[in-house]
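Reading through the structure tokens given below for one structure.
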């Protein structure tokens, strides 16, 4: 019953899940669109639109059965034709589709509710990739997705199978979803994103409230039921407030300082990069940028503790804070004080705060850091030009499979594409043995600490706040907050 | 010459304006001597001493970097003066010159003032925003952008005032004496613009602070690390309930200083040549 | 009058042309391109290039300008890169909030500013004048976002009397009662502007009261209040009118900060967001609309002058 | 008893913390059908005297600080503000120097006259308008029916001054104070306006105080003249007597300073020196530093008004034609 | 009177274009002034008197006509060409309050023309000349370091006159030079102007609406009405036997002090 009012940090560029990687877009869109798989609370992929799958002995042929009777918001039944069309578009144009489709030979319908994917070689992460909705294979009606290209779908084509259907997008005002009465929920107890989904609200309203203070005040004043991205420093205060519930995000995000592997003083000089890494103590930056102890972890592993991908390989270099050692190492690496251009944006306070601390630490170790402060859009433009920067600051959301981490992409600014990386990456994707994959990943992580294409800054557990009237939210969010099985 | 006497006459019997003047003198002193007075380095980060309450040794408490707010406030006085003076200088040098020349050389004025008209149509804050995104966030750029924003109004105002002065009989008299353009502009007209310009400057000075704070707030002003009162407010604004002192002190400082500048400007306005009263904007 | 209006409108054309050119130039000089922002972190350079081509951003600047201008003349401000909807629609959505906000703010300004200005002028030098003009100046010295922040804390969070932020539109459920959402923002916005109007009303009243005809009015034996309203204020209104006009124009656009603090879906915030997203068509569109609004108000002010001051004839 | 009796009027201006007298003890009276001219150089206090009588000094930092004024037997200074306002514009009206600025530019002249009428007479708007047109006709404005709807800027200076006169006469005042009503007008128009005033006086019997710095204007229009110097009336007399004797050296000097249009003189007989400023301290006769007849007595002793002929008062120790 | 006039104005026209309308402020005016002669120019307010004076000093551009100063047409000269002649054609302004730059001391005001026209070579030289001229107009040398606002109206007008006299011009145009002064001061200044004119032998165009003043100071008088000169003649002829109807009306409206008695 009623309307859920969700204060977002801004507006998503589009809800088209296949092409967009914005977290905000997924937070909204996961109510509208569904993929074949999703994650349960342990971050393992479980069927959603799929009923189940069989994999051939050689691991190359995957046959997926689809649930029957699932309806799109336009009233049509979901069939294999829709799924094949959706997967094909995702494979060709989707942001993360290429990762899988590099290895895909064909996708075809083998029945009204069955499809078959043929791989060129076994590919381990396929199910994780299918389950990750962000930039992932959301299922659209074939009529819409056929002929659609890279261009995001326009709002009138937002037709999915989810518990809520898209209703309206008022620029600057809100995105509104309404309950889809013909929704057919998957079976089973709700667990993570898996299991039964019940739409309790008449409508969900995602209202952009860019100013964080306003999000907090608005929730306290009762104008919003839920508000995202709240600064760590307010945690204690908000947790003590009986009018506010705090909800931690289970998957931490982490800052990354990319180094330019293509041009400039850092391009090939791994020793110098290691010297930079050596100079930095990550803890003070986390203390300052995030605040309370519980909300950050000085963790060098790219995936958090408790996750299957957790590994300490290479992490002894993570946070040394050894100014003197770094100075010596830099000198040995031939560094003579030339300026190092470090770009950071002020749009995310934690980027800026961290960069300030790092700059101080690096200066102490004798580095000549030229901190360049831009707004996010400018930074994005500049970072694509190799001659404009040496380091830049960004952050990364939680991903269920390391293959999805941006540094794995050779084209990502920084352009890390050494032969060592290429070799390990090939092995990593080729294997579908979980244990072997974890092992290869730890080697990759070690390589990252050695070649330093990027520098992790530590895990940040963000949290959201909600009105105590909301029932069913649970203690923590998995990746994106969702509002099926939630009521007021 | 008449300076001291005229300052005295401007402020005679205006208690508030006098208090304002005293406050501004404090600000100026703080700006000049901040490195000597400040107990801490305003950039010194201390993760342990984050968000400490006001007390000893952190008179105004510390911010989320653990930096000493009192020291930052002292250095903030420096930014206040810098932004104010910078904006005034930019506005007067560009806008003022355009306005004066346009009024004096009528034909040139037709062209230039059309341009000013066009610029006037651009809302000041939006223009500042667009300009700021064009440029890197830096103290210099902020000053220039704010100065440019006030340049258009200044040009308008100076245009009007110069036009009035150009019609004065003593200008005719100078022409009859054979004085050239430069002499008339700078020897006969400009000195008569000094006091209205001072008034105008005081308002620009005051409102530039608010404009700068607004830019800081929108994330397009001074680099956030720079200790300015506007930055102190906008960078720490989420702590309004958690660490109220972080907003109260710099807020009070801005308000007090802008208020003082306004009081001083008002006092000066009341005492200037009535010819120009209409022209001078509250900006 | 009509003839004059038409003439003035025609005279606006060159100014508008210059303004549009300037807008275009400014906006396109801003670093950052919409394609990269739209495509996000993982886009390849080829994809960005393709989208850039698709959006027509690879043409020479002047070609882009001419195409844009041509479209504008046909009433088409282009399509928002970000929203994918026509710019005009996006602006129209924002305009509702902005115009309502500006109007409400003007109501406060007139309601508070004018009477206080009059009272303060009529009591020049007395304590009531000192308090009102001092207070006005104090309000003009407060950074808007600071004031807004505390108003929210007090009236929305603390007392719970008014909503803290947002504005769900008059067509939304709630209808006219949704105007409650605009009370705090409009007060925030009104504070400095009302202060300026108070000062202006006071100063103009004092100027007029020194004029000879006021003495004539008093010499007729009129009551001081009648002299103040009918003779002094009526004449002071002439110079105050322009301020009203330009304040209104400024309110529509310069509410950026207030709209951000109160998270209002207005034009000001739209511009800021569009600048951050490099949504060129929207930035251009909004600035164009605001420039047109400004000029239109300029014209209205002149027309109002002619109505208020019979000495001005419109030829 | 005269219509207006001014006795020892003293007006002071506040300069900072000081109250400096500007009009320092002025006495005169006017009666019905009479025209009193007050002449004097700029700044000598003519307008302040007039404004004090009208009751328009309030709130300008200028105050009546001494003396008495009776109008129709009533003490003006003892009246309440309301009573004063009831007389203002009704029994007593004033015309000002600047016809260009003395009318409110935003109202039609008719409405401004009507406003005065409605303030004191219980007239309907229609009746008031009819009366306004009559008044405009009375002051010889052509086509009063349409001119009643003109705005001030649509009238010439002379016409505006006529409107002012019409407004002043609207409630049949007993006393009309005209403060330099023609100074800003062209000579030809000046004459017409003055003639008009005198003509109206003949019909209504209104007492007039005409203030001017132009001795010629005074000589042609007034029954009696008061010469003012630095806040004092130095000579008061019926017009003929005044110009006959020119008893006060200042009056005489003033007259000789004026270049005549009907006679050639090579050099003007100018008064040396300048008028003292407000607040200047001068012992003895204020005119003595410029006076050709000054003797040591003049430097020490302030002259008191002396009646050297019936109705002819002079403030001088050694007036011309006096017993020297 | 010498054969060649110092200034010969022929058919001078000055039209102003304001808001699409043309104001024919001066519409065909001709007169001449001989060296050492004073020509009075009278007329109603707005008839164009000041405009004539302003056109002759190039403060206003003439629309048509000629003004021959010692044979050269000054109206067609450029600003630069006219510069050397400015020394010889000077102007006294009406308002003693407005015609002096409030920000300059008397010495600064007076030295400016000296240096522009290279009359003084050195500061000392200028100083001496200024003191001399101030003395001429009846002010002491202590006036030099003071600002205009420290003087009374009459004194300021003397400074204005000094500024003109310091250049020893051949022609002075006095536009309402005494109208803003009080009668008693006016008489002093009139006497001064007359004396200086006689002593230096300069010619003068004396513009005034005050007929008495014009009669007092002029040799000849020109009466202007609506942009045109309606009558010119010897002052006694104009004042005692006016030919033109307008002149007569003007003279008739002057209030007179009838029972004027000659005093010893």
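For reference, chains read A, B, C, D and E in written order, and residue numbers begin at 1 within each chain.
Please note the rule applied: contacts are C-beta pairs under 8 Å (C-beta built on N, C-alpha and C of every residue); 3 or more make two chains touch, one makes a residue touch a chain.
Given the structure is predicted, the values throughout are model-derived calculations rather than measurements.
Common neighbours of subunit B and subunit C (chains touching each): A. Path length between subunit C and subunit E in the touching-chain graph (shortest route): 2. Distance between chain centres (mean CA atoms), subunit A to subunit D: 91 Å. Centre-to-centre separation of subunit A and subunit C, using mean CA positions: 40 Å.
With each centre defined as the average position of its C-alpha atoms, the distance from subunit C to subunit D rounds to 53 Å. Remark: subunit A and subunit E have CA centroids separated by 88 Å (rounded to whole angstrom).
Across the assembly, subunit D contributes no residue that touches 2 or more other chains. Multi-chain contact residues of subunit B (touching two or more other chains): 133, 237, 240-241. Counting partner chains per residue, subunit E shows two or more touched chains at no residue at all. Here the chains touching each other pair up as A-B, A-C, B-C, B-E, C-D, D-E. Across the complex, subunit A is touched by residues 43, 45, 47-48, 50-51, 64-66, 133, 136-137, 219-220, 223-225, 235, 237-242 of subunit B.
Remark: subunit B residues 16, 114-115, 117-126, 129-131, 133-134, 206, 210, 213-214, 217-218, 230, 233-234, 237, 240-241, 247, 251, 254-256, 258-259, 262-263, 266, 277-278, 282 touch subunit C in the complex.
Residues 54, 57-59, 83, 86-87, 90-91, 93-95, 98-104, 112-113, 116-117, 147, 160, 163, 167 of subunit E are the ones that touch subunit B when the two sit in their complex. Every residue of subunit C that touches subunit B in the complex is listed here, in rising order: 14-15, 18-19, 22, 26-27, 29-32, 130, 134, 137-138, 140-146, 149-150, 153, 192, 196, 199-200, 203, 207, 239, 249-250, 253-254, 256-257, 260, 268, 271-272, 275, 283, 287, 290-291, 294-295, 298. Every residue of subunit C that touches subunit D in the complex is listed here, in rising order: 211-223, 230-231, 234-235, 238, 308-311.
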